[in-house]
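The letters A, B, C and D name the chains in turn, as written, and every chain counts its residues from 1.
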């Protein structure tokens, strides 16, 4: 089970029982990294399992690829000028 | 539907470090069907301003595998949901200087209205569901950009 | 406004026989401002079908002088009415084979929504007000096409 | 005063008094070329003076460039599929 997170965040290391649910993974993260747990609860960070966005009851197996995904920012800039850099 | 497209996804959906040529990618799309009459394209380039700050360089990172998977899904849904003949998506990663290409969407259709619709939908969708992150270097330091909080 | 654009209209509005390169024209637009972040492009190419008939060649004729004047007007109105930084229009004339380029519109803006809006408006407007005519060669002979009766 | 018309139509030759209005030009066309006069009345053919679409009361001078313009067809194809070439 691998975990990744974009940015300068190091990989997380967690112990979660095989067959646990995503919510168990989140609970384990919260215990060790409360600020990341908070971001997950606020939906600022999403959890993916095998490259698909997971929900709380998604079951995680030992061979699964689990990732924590900060807000995406692909593409170029904003659709509209909402940036306040021109009045 | 669009079974002719299967197998060639690798050319029509790419996440790559290198720059791309519009002429070359347009030829790729155009060569798919002599019925194509309207081609709508979106090209995103690196701006020197973002959120009121100067930017002198942008770095994109992607979640290898999942990024490609999501872009393939976008292409497949576009081919299904819009009356278009081809859709190509390229997103670059790594360091990108101001003025350089970041992302390209090309939608080829018989008629232009559908080409525009599919192209706009695809770039909106790309920003929503593709695991790609952007680090902007400004005079105040480097910042990971959060597009939609 | 956009006084920097005056004098360079000749490069940004063209009616020409020769083909054009998208890469070259995009560089032209992009070089106008480092604030450009989104570039929407429409490329019209010659289809092999029109009104239910096969077409093997298209010939465009234009009213020299008036065609250029109308395209310049379109560019100026687009620069005034949309939040864009540049707009380029090229229309070819003469014989055009199936799959070849006919018309190109490029709209460069800070943000993509306006680039798309301006690009779509410009191609719609071009068809309405520009004195250009199209002769399609089909197996049944040559036909002058009337786009809007 | 030059006149042009797209297509395989030859140039028209007309005698119109200097200072006449576009409607006088149209009347002269109708006299010699009734089918073109009809197209003008149906707005299938527009009249331009000095490269601008004219109205009936536009005054025409000897040095003006007058043109008859059939329906435009620049660009590529139709915006929507209204052609009946696919159900």
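One rule holds in what follows: a residue touches a chain if its C-beta (ideal position, glycine included) is under 8 Å from a C-beta of that chain, and two chains touch if they have at least 3 such contacts.
Remember, it's a predicted structure, so these values are computed and weren't measured experimentally.
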| remark: Expressed in whole Å, how far the mean CA point of chain C lies from that of chain D is 23
| said: Taking the mean of the CA coordinates per chain, how far is chain A from chain C in Å? | reply: 45
| Whole-Å gap between the CA centroids of chain A and chain D | 66
| field | chain A: positions in contact with at least two other chains | value | 76-79
| said: If a residue has to touch 2 or more other chains to count, which residues of chain B qualify? | reply: 37-38, 44-47, 49, 110, 112, 123
| request: Report the topology of the inter-chain touch graph, choosing from line, ring, star, complete and other. | output: other
| query | Every pair of chains that touch: which are they? | reply | A-B, A-C, B-C, B-D, C-D
| said: For the complex, give me every residue of chain C touching chain A. | reply: 37-38, 83, 110-114
| query | In the complex formed with chain C, which residues of chain A make contact? | reply | 76-81, 86
| said: So in the complex, the part of chain D that touches chain C is made up of which residues? | reply: 4, 6-7, 44, 48, 51-52, 67, 69-79, 83-85
| remark: Seen from chain C, its contact residues with chain D in the complex are 44-47, 49-53, 60-63, 65-67, 69, 91, 102-103, 123-124, 126-135, 144-149
| Residue ranges of chain B in contact with chain C within the complex | 21-23, 26, 30-31, 34-49, 98-99, 110, 112, 115-116, 119-120, 123
